[in-house]
Every structure is written in structure tokens, then in C-alpha cells.
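Please go over the structures that come below.
Next, two complexes with chain A in common: one pairs it with chain B, the other with chain C.
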Partner chain A sequence: MTSLGAGPEPATRRGRSRPAGWLRGNVPGAAGALIVAGMVALAVVGPLVWGEAAARIDAAAILQGSSSEHPLGTDNLGRDLLARVLVAARYSLLLALAATLVGASAGVVLGTLPSVLPRRAARLATGTVNALVAFPGLLLAMFTAVVTGLGARGAVLGIGVAIAPGFARLTQTLAATVAGSDYVAAARMLGVSRRRVLTRHVLPNIAEPLILNLTQAFGGALLGLAGMSFLGLGVQPPQFDWGRLLFDGFPRIYLTPEVALGPAAAIALAGIGFNLLGDALARAAARTPAVGERPPPPPATGPAGEPDPGAVLEVRDLTVSFPGGLTPVRGLSLTAAPGEIVGLVGESGSGKSLTAAAIGGLVPYPGTVAYTALRLGGRDVATLPDRELGTELAMVFQDPLAALNPALKVGGQLAEVAVVHEDAGRAEARRRAVDRLGRVHLPEPGEVAGRHPHELSGGMRQRAVIAMGLMGTPRLIIADEPTTALDVTVQRQILRLLREVADETGAATLFISHDIAVVGELCDRVVVMYAGRVVEELPAGRLAAGAAHPYTKALIASLPDLDTDRSQPLAGIPGTQPAPARVGPGCAFAPRCALATERCESERPELAAHGGDGRRVACWEVK
Partner chain B sequence: MGAGVRRVVRFLVSLAVLVVASFAMVHLIPGDPVRSSLGPAAPVELVEARRAALGLDRPLPEQLLTYVTGVLSGDFGTSFLTGEPVGEVIVIRLPNTLALALLATGLALLVAVPLGMWAAVRTENGRNRGTDLTFSAATGAAVAVPEFLYAIGLVAVLAIGLGWFPPAGMAGPGTYVLPVLALAVGPAAMIARVSRVETLRELGKDYMRLARAKRLPAARLHLRHLLPNTLTATLTVGGLLLSSLIAGGVLVEYVFAWPGLGLKIVESITQKDYPVAQGVILVYGAIVLVVNLAVDLVLGALDPTSAIKET
Partner chain C sequence: MIIKNLSVRYGRRTAVDDVTLEIPDGQVVGLVGESGSGKSSLARAVCGLVPHTGSVQGARRVQMVFQDPYASLDPRMTVAQTVAEGAGAGQVERLLGLVRLPAELAGRYPRELSGGQRQRVAIARALGGDPALLVADEITSSLDVSVQAAVLNLIRGLREELGLSMLFISHNLAVVRYVADVVAVMHRGRLVEVGPAEQVVGEPAHEYTRALLAAVPRLRG
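Let's turn to the complex of A and B:
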């Protein structure tokens, strides 16, 4: 199951405690529950209803195949096999229950031993469990069967022994998690004995997952016992379970396959039922809400108009929306000229990273992207072939270790751009990769190319990612918080490198950051985002003196400088940014704005030119 | 101490425990194993003679020493019933058992890894709910059906019903098809699930976003960038399944009358031929340990970062 990033809703958490809650919408789990309920009902009523028929010996009808009287045939004493299969449900389930209880009790004891024993003995217990878990259950069961002799008792013990290590491991893992929690630490500090910690704090807290796993263990025990009986090592006559019926029926499979069919179907059905239900139960604790709704239709888009000849990147009315009416980016427009570094700044959640993803064509499903224009070099991005996009658009992410493939050498990850998009030979591609690694000032680029990402430092990795963008002929570099994960001295170097790359290649750079100080230092132009919209755009040089929007001003004011009184708490902006679903009709910043009027609450200000030098601002209070 | 050395030491300790356990197995049998094997009607002299021949009248430590030196030199004792040396039985039958297990593991991996990846790519971020449900239900059901039922079903339909394959025995390539299939289905479903989960996890990572931003063709994206990163966990499961598959082979060998160790172990337990049961269980256990060690060592060599992760 993948998480969609959203935390579990309160509704789902409430639903988890009720069986109906976790079964809703879970078809396999519901099917499993149904089969299990049927099996249990059969175990209860089976012997009462068909017990007599199953035991009735009929010398005139021995070893028959299927007939209207005996749908599954008869056995060597002429007893009806369908009745025997139905009756055997009780014994099969009871044996499995016994084996599960044996295994679970032994496992829980074995698993809790490490938390009460002295250190050395605890390690021995852990080691034993780890060694036993690796052993196939059937092997352990056979070992036990040799010792105890053939029969149901031996098989139950054997399967119990086979189940125990798994339970011990589960108990250990769960107990270790609980033992690490604060309340257990607190109990220890208060001098509560280890045994008491175990019984009072640890066991009650791990009981639920253990009980959920019992269903799965029960299914395993049922199949294991069926296997043992099928091999003739389990239940012996005159007792019979499904495995034993299969043992008797199997040699007759050549002449009358239907006599093996009944018990085989019963075992398969029971196995599937308990497994599906067990699966659903075991997962109940880790469920994530499913995305049910379809995304809303993209907003109507106007005519694209003529491309802006001076811009490498031209975005007009970009909107990104998700199902449920979430629209994290709304009607965003921006442009970037060759060699220009445009800073996109805003708090986290302002939509700046999704803007970058949308421009790069990387918005994850189920998000939808709409725009009136999204042009790279004057052409609609949607019409650009991969060959051009792959070489002209470069992306740099926050965490360079995550952005590089851990399994591949750095040089290969660079070279493939040339191999795939420019049909370069391997040697040529590699030569170029080494050259680009050198251009981002990595020492000994030839050697770096032969290394895996984890062998490089954080700064070196980010340089390698930037070098990857230089493999083609980049026209646009999207750098999404490229220095946030790096330490301060390395940050400076990477910023300097980005400036150098922009100057040398003439590529436009979209630099995304939450840090307005860094943006002011590096960028030519700054675009400020708030709650999915651009609220102000101005030359970076005018940030200090020319910022007009109250939000931009607040961001700048919150920066500490040499004159800041360090004894006072840092100035922040009171309140929080509204979530995408909660933006009202007016200016999204109004609730936090000191200048807000009634008009700001009800009517949204459009981005409008303000003063000269390309400044634009969306605020009613700016005249 | 290097990670590899530590694993080998752990392996040797487990092996020693296993040898002692297999020795103890016969001594744990309540009463006299020779009497229980020969039956209540056997004359006392015969039982005594057999006990002496097996060394069961000596002190326990001496018996253990004899057993361990015997095992180390390949002497696993002789069968109560046939008088054959157990070591010989093992040497003849082991290859047949391993052939089934290896072929089934190979088949399961070949089918399941691409299947799991395909399902993951199709259902990423919750799209194609139908595929998701079908995949989960189908693999869940396939995992839940034990291998001996697949074996019986295959015999009933493909061997007896359609007559395409021989129903039992080992003679030529055709006889391998059904046992290998029966063994492979369950593990394949298991591996497909793991492969899907691993693929989904990797698909969400930044390096896949960057690889997508590079506009790589789908084949390169999935085979070169995705596959190596999902393979470690998938192969671990595959390797660990190999040992459970060796055990599952017991039941499949029984259904197909396959002349492997599995059939032998069932016969020996039913017939109370304890030296054979002891020797075969020891060999099974040793195979499991060797497989797990091999999986550990191979993974250590494959994964360039495992040297850091090893604790």
C-alpha cells in the first residue's frame, strides 16, 4: 500500500476499531470473512447433520465414483464421501485451533523472554528465534513427528512448533517497539520491575496485533496439518480430517478423480478464506484512505496568445488541482529570460514546488494540470518531443542523495542522457559526462564518474546532479530548494555554481526556495507566492526597499540581521497560511494582514503593474 | 570483524546446533527406537544385537562423538530396513530434489518480478483500482493454496484428464513440468507481491522523478533505474522462499512419486527407519542454512550500500 502523503483521517481511525469499518470497500477481506464464517458454521453443524451418513457403512457401494446418490463417491467401506468431507470440517478446524494455540503460546513466551532475561541469556533467546524463523515449518513439524510418532497429537505439536518461531519474532519486534516508547521508559525510571513492565505495559499494548495475526497463523496451521495428514504422518484412522480424506482418495485419482476433489476443494477454500481474512486483519492497522473521487474537470482555458519572444519559459494561468476540490496552484503566470535566475519564494505549502513539478511535467497522479500557455523556447511543452525536453530541461532537487539512483554509477547516470536523446556512443557519452563533472568543479571527475552516489559527499552529489543537467543544451534549469539539505558553506558554493552555469549556458533558471535572503542574493527577479497564487513580482535588487505587498514586507521583516536584538524572539508572521481547500473569495493573506479591509475579505485583488521596472503586485492597499 | 566473516561464523554455529539436534532427535523418541522400529514381536536378541551394532548401548557423549565424526566423514549410518548406507541414499536422491527446487525458484522469479513491476507501475498512486484489486485477490488466493493441492490439480487435469504430461515418476524433461509448476505457483504469487510493494516504494523516490525529468524511454526507466533497486529485497524473499520451497518439495515429491529426498523422508518416518529420517532431516536443515548464508553473502556483494547498513 502506498501512502498518498495525507495522514489518516479521523474517520478512518474511528472505523478501524469496528470490523465493519475496515471491511468496507475491502472485497477480498469481506470474501475471506464470509468463507471463514461458513467454515465455522459447518464445523458446528456438520457432524450433527451428516454425522450418521458419514459413518454409515454400505458393503454394496464400496469405492464408487460420483453418482446421484453419492456426489463425491464412496470410500473403501462404502461411506459417503461428501458427508465425510462436511463432517471433517470440525476435526480439521479443531486440530488447527489446537496447533495455533500451542504455537502462539510458545511463541509469545519465547518472544518475551529477551525482555525479562539477563542480557546474555536474552541475546541467546533472540539468536535462537532468528535461527528457527529461517527454518521451514514443515521441517520442524517432521522433526517433531519423528519424536512423537505418527498421529494427530504429534502433528498438532509439530505444527505448533512450526508456528512458534514466527510468533516469537513478531512478539519480539512489537515488544521492542513498545519498550522504546516514552511511557515504558517512564515506568522504568519510576523503578517498576522488568516483569511488571512486561505484564502491565508491554503485553497489553502488543495484544491487538498479535491477535490479528492469529487468523493468519490459524490458516497456516490448517494447511500444515492437512499436509501432514495427506502424507500419512498426521491423523490416523478411524479419525479423519480433510488431509486424511485426501490421503485415502489420492491413489484413486486415476479412476475416479472426484473422490480427491472434495477434500482438496475444502482445504483450498479454507486456506484462501483464512488467508484473505488474515491479510485484511493484519493490514487493518496500517490502512491508508483510498482516493475515491475523480479529479475535478480542469478549468476552462482562454486562448494561448502569441509567444513572448524574449522569454525562454513562459507560464500563463497555470492551475494544478487534485480530487476533492484541492487547488494548490491557481492561475499562476511567470516568465524567465535567457540567463535570468527567477526566484520563486513562499512558505511551505504555498504551491511553489508543485509549480516546478507542473512545469517539468512531473505532477503525480491524480493531480491535473491546466494552463493557457506553458512554453519552453516559444513552443508548447506538451508538443515538445522527449528528445528535446530531456536535453533542454534540467531539474535539481532538494536532497541530492535521493535524486541520484543508488544502484548506478554517477557517470552512467549522466551519460545516458546523451545516449538516449542524442544517439551518442558509449565512449563519447562517457567522455562528455566526465567533462561536465569537471565543469561543475568536481576534483578528479574521471574518478567521480566511476563511483556510486553514496560514495560522494552531499555537495559533490548536488554538483553531479547539476552536471547531469548540463549534458544536453539546457534552456531551463528548475532548481527546487537545491541548497536546503546542504550545510551552510556548501550552500554558498552551490549558489555560486548555479550563477556561473546561468551565465555560461544562457539557460534560464527557476530557483525555488523558502529562504528570501538566499533568493535576494542569487536571483535577478523574485516571484512571491502565497496560497497558490503570485502576490508580488519584483527585481531582486528592489526587495529591500521596493517591496509593496504586506506579505513580502513581512517576510523581509522577519529576517534577522546584525541590528536584530538577539534577546528578543525572532519576528514571525502571526497566523498560518490557509490550506488550499480553505481559501475564501478574497485575498488569501487578508486574515493575517494588518492592513486588511472589508474589500480584502470579499474581493480578490488581481496582479497589476506597480511602479516601473516590471514590478507587479496583487493588493488593494498598494496605490 | 567483517560482515561476511560474522555471517559465516553464525552459519557454522547454526550447523553445529543442527547436527546435535539431529543426534538428539533419535534419543528423544520415548522408549527404545530400535524396539519401536522392529515391533513388539521381535526377539530380544535381535533388538540387543541391533542396539549394539548402532552403538546405542554406549554412553551418550561417546555416541555423540561417533555420530559427529561419522557425519563429518560422510557416514550417516545405515537404514534399519534395507541396510543401505544413508549417505549413499542422500547422494543419489539429493540432486533430484535440488533440480525441482532450483527450476521452480527460477521460474517463479522470471514470471513474478516483471508481473509485480507491471502491477506497481499500473497502480501507482492509486490509479487503476481494478488492477489493484484483481492483483491482490489473485495473488492472495494463489499464496493461500498449498503446493500439494496444485500438484493434485495438475495431475488430475493435465496428466490424467488431457494426457499432456506423465502423472508421476522421473524420466526425461516432460516429467519435470508438472512438479516444477506445482512448486512454483505459490512462491511466484508471493514474489510478485513483494516485487510490487518494492517497486511502488521506489517509484515514489526522487531519483525516479529525476529519471522521468530526463524523459527516458519507459523500458530504460524501468529496467535500468527501477529494477536494480527493487531487486535486492525481491531476491532476498526469493532466496528465503527457496528454502521453504525445498520443504514444500516433500509434498510435491510425494504426489509425483519423485525419487528425491522428500519422498524418502516420508517413507522413513512412516516406516520408523530412524537413521534415514535422521540423515535426511539433517541434510534438509543444512541445505536451508547454506541457502540462507548464500542469500546473505550474495546480497552483501550486490548491494553497494549494505556494508554501511550491516549491524
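Let's turn to the complex of A and C:
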């Protein structure tokens, strides 16, 4: 048995006790949370415990350095500085909270104005935000603080004003995305007012990132306020925050550095704590939650047996599973002969794309792939060196733009294949790239080679990707929905090209599509998948008249063509395909099948030969 | 209802070029064309969602159903809230019934629904605006074929039940032929052929229509 794990065994990394999901394995995030929790606790209890010590004036101990009695020394009235740093936590955090709230409220209001105002006024609001963002924040803060008067209030307003433009910009960008969505367009057509669109659609959908941003803004406000106090623009005596303590201690930094370093350390620690927590929260929100359970053990499989001499691709009992008992591909077997185009057809969720990914070794973590045989040209793909796999296997995907690097010219990307996999010289690789671009019928291949992917149309890009596959000597081409994003006339050309390539190079092609008409037109043989299993296999020419499985028949009947009787309703399939976790012991199609019997519900029919010419079907009701 | 001399320009690019198209009462007009032909721009102009020149006469209430049911429903609103947006809360049950959705789904969120169910919710929402014209822009192109069949049957049923006029847009000629009475073929911003569905498909007059028809994939045998 061969098993390809797509990553380290996850079960060994996860213990029984599970901390909150977003903190698991995230050391900086956990540190941030710990620091923030400590700071909040200090803000609550600090003044109660050390309040008296912080205020006690001791004429005998003025301007002292570090001692066992006063670890951080004393100030000009002989008050203990450690106590004062601990007590100042509450005021510092409260001021930062106030400044953050001022900044966030002003920013959100400013940022949402463009969505509610008429067009002209909206443009003015946008312009204002742009101008404010360009203005240095510190200058904005100091200006506001000076205008509104020295002291804590001025500093809070100043920092609030400095934070606001960033919030406004974020709000505006997020709101613009939501405002451009189809559901807002639908609401507008239904006559919903702009204000109601804002409160019902826009705000609820942008709230999450805004709230996450608050944590980081809070860290910024804390540092900003400390800076203002340090400049003498903030908190004035007898009140004190960390910035004020730093301001008072700074002149003595050369004699007794500890009196300045104490408050400085507190500011730094709090700032780091809030920023780490903010980062961790934002990252957790952007990531889909990981599934905690270990993947099911791969099914027991028999011996691999001898390679099929007539097959380029030989897949036997391929199973792809994910943690949580999900098995999207179950015991799939198929073969492809040289020059043969095999169509793999099924609806979304049938497992057809994962099958292709498993053959190409591209199943995403934490998926597990198991098989009794997965051979390319008679050799196990797990033992093939990457270099050989790179030239013998070509993959074409639905989105050619994702397969091409947008920053590089097309010719260079093609040439790279030959340079990396075959140690070809640059000139030789380039010559071959132009030749291959010509072979996929791109007009003026030399000129196309010098262009970037975005300068090509969708059909031209897909040709370039196919040309890239031809840079080596492919024995197998896997094409996963290669024409789905293309127009019908372009689709026709690409299908013709794939057939031509198969005929000329003798490479086998695995063509994956949801469209049974496309598959029927291009392929030699068709493999129909349902809920992770092959339910039928037959020559493509027999699809229209010779399909035996009720699912294949229903799939063909539900597709309107140019001769469909317009007076009759289309034959759809009631119900939906079961999710990979809900496939029962019997035939997966039974709940939707008109022919289903009790046996179908409880006992799964195996794929068995049916008639001649290599037809196979998995159904109890097919005689 | 008639679309008269309608043009849509984005900067210097003309997406829709002087299109005139009549949508007879209670009929479905199918609009086919490839990507970039201007069919979606035309749809959005008819709905008043993009600036345009020319006029749309006789269509007071226009509603639209969008291509991607995963993006056209507000993820934070329940089915009932979404459907009630135009019609009011009292109509939710009737509208869900019209699109053959069980009333139990009213409290669900879009993420709990399948693609076909979502598209039905979007249709119910549009019907809640009591439209004189329903614009359907590629509403089945992101659905599986078995689901597409059910949605196409629903569209035909609604048309008979409510006498809806409809502008049905698709890149798939076979789909358009199946639901539409009149087929209009769009190419590079212009209408190149308009006629009864069977006639356009059976005896295409324009070269481009013939090219489109020849490219439709067919099962052999």
C-alpha cells in the first residue's frame, strides 16, 4: 500500500486540551492576550493597591535612584516611582480607550458619508478623507491638542483626530466593496433608501474588520498619548499617566536612567501587547477554522498487481479523505491509453477535481491520498522524480490567469520549464517556447512570447498554458474544466486543439468537466462520477443512446439542447447530491432515483461490466 | 415595453451601442451573446444600475436576478428578511411558495442553502418588488445542470402563473431557446439578429448567429 500524506501527521500535534481556536499554536497571539489581560487587571487593581504609596510625599527621599525600598527610584517630591507606574496604568489605558473611541466614531462616520450623501457631497467627503490620510498624523494630533487646550482632553481629542483618517479610509474601502455587491443593487431596485441600505447591509457586513482594527488602533493610541504627554502636550500635574512620568523622569536619564526606563517599559509592553493581540485576531478572522479531528485511517487495500501495459495512466482504488470522516473520492479506478481522451464528468461535489488533484499530487492539506496503484507510464508516481513528473504530466486549469505569473512574459515562463526540468540553454529554451506557442496556433508566436498574460484574451491564455504543458514530452495531460470560463466559440477551438495535441503527441488526456455535452463531443471514453464514486463508464459515442445508469440518463435529460421539446418541462433530478460525510451504505444515488428499491438503500452495487466495448455500470436495476 | 436607442459607455469604450429592443407583454425575450458582447451592461442599464443614454419606455417596475447566488444575497440576513425587503413581512410565505421553497427555510441564512435554493430566494426577492419586467442575467450559469433544469422549469412556470415579462440573458443558446419566445443575438455591443426563438435557431440569418449555433456542444449519436 502506498499512502501520500500531504503534510505531517496532524494528530501528533494536537493534545486533548484545546485553547480558544484562534490562539492555538500562535505564540505571539497568546503573548499579546496575556499582556493585555495583565494590563487590564493592573488598571483595575493598581490604584486600589498602590494608590496610597503613589501619593505619599517623602521629603527625605526626593530624586533618589534605584534602591531596595524604591526599585525605580523616587520623584521630586519623594514619591515612589514603581507605585506611580503601576497606578498610572488605569489612567493611561482609559485615555487610550477614549482616544480610540473618538477616532473610530469620527472615522466610521466620515467613511460612511460617501455611501449616504448625494453624489457631489459624497465626492467632497471622499476628497476630505484622502486629504486627511495624506496629512501627517502627529502634526494633526499636536495641532488639535494645541487648539483644544493643553491637558488630557486636548491630547485625547488630538490622538482621536489623528486616528480618524485611517478608520475613515478603511470604512470607506470596505463600504465601497459592499455597496458594489449584487445584494445592494437588488435592495436599491426594490426602493430601499440609502440610509436603510447603510444600516441593514453595509454596516453589519463591515463590522467585523472594523472591530478587529480597534485593538490595533488602541495600541497606537496608547503610544500616541504617551508621546503627547512626553512632549508636555498631554496630561498635566497633579494627574499623571505613563507619558507624564516619562516626561518627568527624562531630564534625569543620564544620572538615574531607571526613573525614565520604568514608564518607558510599561508603554512599550502595553503597545506591543495590544498590537500582537490585534494581529492575531485579524489573522484568525481571515483564516477558515481548522478541523481538529485526525483523518480517518486509509482503507485497507490489496496488492498493487502488475502494471497494465496498454495504459499511460492507471489508477486503482484511489481514495482521498479529509479529517472529520470526509471521503470525497472513494475507491476510484480508471485507465487512459496513449492518445485517448477520457472524460471525467460529474456535478459539483462529485469528487472529479479532487481526483485530478490526487493524480497530480496536488491534494491540499490536510487531505490524505491512498491507492493500490497510481501509475504513469507503468511507474508509481510516488517514485517518479519531480523532474520527470514535471515534463511527463501537464495540467491545464479552468483559470489560465492563475496558472501564469502575471509579472513575467509568456515566453519566459514557458522557457523556464525547459531550463528547470531539462537543463536546456536559454536560447534553446526560448526557441522551443516560440515553437510551442506556434503549435497551439497562436498567431505570431514570437510576438506573443514577448507579451504579459494580461495582454492576452482568455482563449489565448489557455492556449499558452497548453503550450507550456507541451514544453516537456507529456505522457498525460490533465485538463480540469479548461473551457468553462470561455465563450462557446473559443471553447470549440480549445477542444479542437486538445484533440489535435492528443493525436500528435500520443499523450493520454484526462478531461474533467461538469458539462456532459462537451465531454461527449470531445472524449473517446466517459467516466461518470457521483458522490465520489464512478457510477458508469462508457464510450462517448454511446452517451446519447446507450447510457445505462439512471444518474447518467438523468444528467443527459436535464440538459436542454437545440432540439429539446419546448412544450415539456425539463427532466431535472429531484433532491441534491449527498455531502461526502453523508453518503450512506447503499447506492448514493438511491434517494434521488425513480428505480430505487430497498436493496439500493442498504447495499452498494459494484461497478461491473455491462454489455460489450468496455462499458461498466454500478446499478442493481441495470440488467 | 421597449428599449429605445440605448447606449452604455465606460469612458471611451462603448459597451452597448444604440440598441433598440421590444419586450412584448407577458413574453420572454432571450438575449444571447459572448462575454464582452454588452448583454450584462444592457441588463444593468434597463435596471437603472449603470448610466446610459437612450430610453426604456413602459417599464415602471424592473427587478433583476443576478448570476452568482453566492454573492447576491446578504450573508447576514435570513431568507425571510431578504424576501421581505421589497414585499414586506406579510408576503414572505406566499413568495416562497411561488418559487417552490418550503416555508421552514424562512429563518435560515444563505450559507445554509444550496446554490439552487439561493437562486430561488433571489427570484422570490425580485418577485416581491411586483415587477412589470424581470431581468434574469445568467441566472443558471453557476448552477449544476440538474439544478439548472429545475430553475428553468420554475421560470417557465412563473411566466405562465404571473404573466411576467422577462429579459432572459445567457451565453447558452440552448437554454435561451428553451425559455424564450423571442431571441435577440448580441455581438460587440450591437443586436445582430432578433426573431422568434425557433426561427433564429432553425434559420439563422446572421453569420455570427450561425457561428454561435455551430459552436454549441452536442452529444454524438
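Observations on the model:
Everything that follows uses one rule, which is that the second predicted complex is superposed on the first by the 429 of 623 C-alpha atoms of A that agree within 3 Å, B and C clash if a C-alpha of one lies under 4 Å from a C-alpha of the other, contacts with A are read in each partner's own complex, and residues count from 1 in each chain.
By definition in this document, a contact is a pair of C-beta atoms (placed from the backbone, for glycine too) under 8 Å apart; a residue touches a chain by one contact, two chains touch by 3 or more.
Not measured: the values here are computed from a predicted model.
In the superposition on chain A, A:A145 makes contact with chain B only, not with chain C.
In the superposition on chain A, the chain among chain B and chain C reaching more residues of chain A is B. Within the superposed three-chain model, A:L113 lies out of touch with both chain B and chain C [touch as defined at top]. Once the two complexes are overlaid on the shared chain, A:L170 sits clear of chain B and of chain C alike.
When the two complexes are overlaid on their common chain A, residue A:L276 makes contact with chain B while staying clear of chain C. By the touch criterion defined above, A:L498 reaches neither chain B nor chain C. By the touch criterion defined above, A:C593 reaches neither chain B nor chain C.
When the two complexes are superposed on chain A, none of the residues of chain A touches both chain B and chain C. Here chain B touches chain A in the complex through residues 14, 17, 21, 25-26, 28-30, 36, 124-127, 129, 133, 136-137, 140-141, 143-146, 148-149, 152-153, 155-156, 160-161, 167, 200-201, 204-207, 209-217, 220, 224-225, 228-229, 240, 243-244, 246-248, 250-251, 254-255, 265-266, 269-270, 274, 277-278, 281, 284-285, 288-289, 292, 304-305, 308, going by the rule given at the top.
On chain C, the positions that touch chain A within their shared complex are 34-35, 47-49, 62-64, 66, 68, 71-77, 82, 85-86, 114, 116, 122, 125-126, 128-129, 144-150, 152-153, 156, 171-175, 177-178, 197, 201, 211-221.
Taken in their complex, chain A has these residues touching chain C: 181-183, 185-192, 200-201, 204-205, 347-348, 458, 487-492, 495, 514-518, 520-521, 540-546, 554-556, 558-562, 564, 566, 569-573, 576. Across the complex, chain B is touched by residues 2, 4, 27-28, 31, 131, 134-139, 142-143, 145-147, 149-150, 219, 223, 226-227, 230-233, 246, 250, 253-254, 257, 260-261, 264, 267-268, 271-272, 274-276, 279, 290-291, 360-362, 364-366, 386-387, 389-390, 393-395, 397-399, 402-408, 416-417, 420-421, 452, 454, 465, 468 of chain A.
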